[in-house]
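What follows is subunit A paired twice: with subunit B in the first complex and subunit C in the second.
Now for the complex of A and B:
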């Protein structure tokens, strides 16, 4: 009797789980995430028809990079419960490194315009920025967060918030002290004529930035889903004790997470050097943008950061072209306030996981 | 002797839970640790598995001290811990959970062999292979947690309250699986509230009350003991 009862409940559960694909799609469409994404696509299409394709093109180019920054932030939050306010500084460090590596390369390519370096040189600069930041991230983890974790874990979230603010101040002032506050920028990575895309003339740099972002996201996805290291990162973010119980060294995963997260910020900074010349506080705007994304999609939602990045970018592009430059900072903050009031868990409604839950 | 605990003190910060606890587990045994709520059973297992640092005493595994060692290192020595909360990776599929269980086995043939063994033990898990662990029912979660523990091919399995929140029928199933594991040579240290069933299934048992071992002996003898019958079995 009991047996039959259990079987029938299990069957019922099976039926609810195994709803058809159409049902799932419909349910998703009417969730907050589905509505927002459909609305975004609609707005994007209308604006593109109204104002021209540059809206879409600009959205995709900056959105990809903001998404990379946000992925890093989300990783830090979901794996280590760190609210990273120093993330903009890794963006700055990435662009600074790329600048210094790019200097000799561009001097060389000026003399030898037809050389191999004209194509590969910028890649070297961008990779140098990425690895430099990954290294800085590892240093930060070892020197600061590991020490804090070993000392005590009480008030972890607030302590980390204050510490990252401190790190940000240190990075900015070190930059100013050592390299000065002037703009350190380049004219272009790839010095070739622009190409028209849907009637908009795009510099090669912008196109490359877009493809770098897309390829990095694909690579990141494959890494997280299929590699052993990626799986350990996911395991630690889902259950730290569980990860320890299967023999994963949580310490190593923390280092890896920091390296990845800061490396992504550095990659964004280095790839966007042609748009944002390096100066001490260049990271502030990207930091705000990535925080907008994180709040929009829900804290610690790594996958959601990607559509979130494009949404925020679209939002900014629209604000700029319809309301003017000055409103760019105002309108997103307004949107974020509304989201925090009405949907604090973000549009994808992930469970907000913080140390307060533990 | 596989596991030997010598006058172990443990607890959470200023709150000491275990006071001078000593016991041992021989290779191949199925030993139970029973006692009322708050006696320190789970604390004992957490301390052995390295999630909690002991405040005093010694833990010897295969003759080597493992007290105070980090959790992942204890696991790599061959101790698998299945906690009360199960600590599954809820946003990973059943198969991924099991694969993570074999994380430290580098040999993929050995991994596949363990996976096959777990699927054989719990055919239900094979049916749900591609499902997220968070969507499983209570009983299936228990099976998955035990299966994940077995994936590393441990020599000692620490199991915390496998019957918690399960229907009697499913409890029987879990006990059957544990017995089968024990018969295949895995040593098991079981913490349980279900005293009746535990004493029937295990070979030896310790009774932990208020952080101290008060009684120990063969399970069959303990079931006849006056104190145990009065407090735990209710007859």
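Now for the complex of A and C:
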């Protein structure tokens, strides 16, 4: 009996190994993730035919940036077990920095419209926002989370969540105190005429934002997969003690993770400055979005954040164009609550570490 | 701690014990009763601060009941308070029912929503409940803004006052103290019973509690429902004190206020939040009115306090108090006052 059972198990394993690529693809299609992605694509196509191609265009532009935010959040969670509430505030800090760097640059380009600064200047502003946020992230890690780790590791997840809440309040009100609550925005980064794509006129800024998101994702993938630092980060996220045993400096990895995650949020904020002018609570909406994404794809699933970002963006564009402004805060919340209730590990069935399980 | 209940108490001490007040607590409460009658506290605006602080403190007690005992932070707490407030206001406006009854309606709806939320979210760890209550808070605020026919949206809903529009604030002081005392009584009686023991066991180590035969989900839902219902009750009182309700009241920022008060007061102590609410509200109001050219300075202080308390002194004021009591535990007066 036992022998037969073992043999049948071995047969099953053999079958899984011998499964061809097509079979794997079919099986994936009928998993929750596959079904959701196919449905999303279907809905996107139908809505595009019904309402016009601007739906697809808007989805791609904002979706890429939400995906960047969500990657940072997922990274923070999977490496340090911190569920960040302050992630939107790094978005805000990034856009604020980009605004202040962009001011002199745009003054200069107004006087010299033909100079190379008209092309390169915005990139400098966006990079400044990114590095500023990475620096702020390192500061946060050293000043807050390292102190907490040294003193108290009990109830870490909950305490960290509440502390990030405090950080968020501090950031928002520092912004308000130092720079005022008015909108600090720019009209455009690259002041060139729009180009038509599929009959939709798109400004250069939007196209650039999309390509920045895509390039960053590719760069991030290469960094995580092939560089030594990326490998150490993955090692720590798998097993902190094991990583320490083989000589990885966990402390450095924590700093690096915080810098990366906050830098990505700052990059998103800086690149979207033309859509979201900087004001104290500008980060709230991106924060909600990245949390929706994280819950949709499962906590700590870094790769899944990318399709998740586009899905949430599509969903919001649809809500706004079919139900009107204001409902995009209510309807996604209900959807996410349903996902939390019925599929708490997310559509990709991520192996969740210590978050939801009983 | 266990043999505290075995001591036979007589006379007034027995009555206080029934009310779950230590003699020191009773003295503090008596001081609160008479304090607005004497200068410099008998000015109308100071009494108003006192009332607001007592409302916040009572809310903080209800909040602490779930965050301190079963380690579930209700991140949409302000939405539950606001739901109670809106329900009570709408019921009173539509049918003109006496206000104490409508307050119970508010408590009922908030408790019902709390029960549903708890039944959904408390099967799993605390983080799950945080996310779900947070989203419910956002959704409730969105609904309050959008359902203009019912809540008048951002225009604000006018509510009936307890004592007419012209009554001095002092009239509200005794009802709010009664609300606080009843809330304290309910929470502390539950916490002292065998149910409360189960709550504490779940909060400290859920696996160990399970091993001892406690069904954690059932007790956590129970706790959460009570906490939300009391939140709705306090919110309903707030509605008939303040006279106008706006969706801003359901915002997460309001939850943060409760959270900060509870954490400074000391998690799991119940009284800590109530005691801290008075100096805290006074302090932040002072900041806000004296530095009105620096908008948001009070919120900045909230955030800083939250972080500093959580990192350096996680037990809050209650831990400090316990430290003092332990230091002087050989003094019979101190022992009598604190048991």
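Throughout what follows, the second predicted complex is superposed on the first by the 337 of 358 C-alpha atoms of A that agree within 3 Å, B and C clash if a C-alpha of one lies under 4 Å from a C-alpha of the other, contacts with A are read in each partner's own complex, and residues count from 1 in each chain.
Heads up, the rule we're going with is that contacts are C-beta pairs under 8 Å (C-beta built on N, C-alpha and C of every residue); 3 or more make two chains touch, one makes a residue touch a chain.
Quantities reported herein were computed from a predicted structural model and do not represent experimental measurements.
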*Please indicate which partner A:114 is in contact with in the superposed arrangement: first for subunit B, second for subunit C, both, or neither.*
neither
_According to the stated criteria, A:330 is in contact with first (subunit B), second (subunit C), both, or neither; which is it?_
second
*Using the touch definition from the top, say if A:242 reaches subunit B (first), subunit C (second), both or neither.*
first
*More residues of subunit A are touched by which partner: subunit B or subunit C?*
C
*Could you look at A:232 and tell me whether it touches subunit B, subunit C, both or neither (first, second, both, neither)?*
first
_Once chain A of both complexes is superposed, is A:157 in touch with subunit B (first), subunit C (second), both, or neither?_
second
*Touching partner for A:340 - first (subunit B), second (subunit C), both, neither*: second
*Footprint overlap on subunit A, where subunit B in one structure and subunit C in the other make contact*: none
*asked:* Taking the touch rule as given, give the residues of subunit C at its contact with subunit A in the complex, in rising order.
replied: 71, 73, 120-121, 123-128, 130-132, 135-136, 138-139, 142-143, 145-146, 253, 256, 259, 263, 294-297, 299-300, 302-304, 306-307, 310-312, 314
*Please give the residue numbers of subunit A that touch subunit B in the complex, ascending.*
2-3, 6, 10, 13, 17, 228, 231-232, 234-235, 238-239, 241-250
*Enumerate the contact residues on subunit B facing subunit A in the complex.*
49-51, 70-72, 75-76, 80-83, 85-92, 96, 99-101, 103-104, 131, 135, 137, 148-149, 151-152, 167-170
_Which residues of subunit A touch subunit C once you look at their complex with the stated criterion?_
83, 144, 147-148, 151-152, 155, 157-159, 161-163, 165-170, 172-174, 176-177, 181, 280, 288, 291, 295, 326-327, 329-330, 333-334, 336-337, 340-341, 344, 354-358
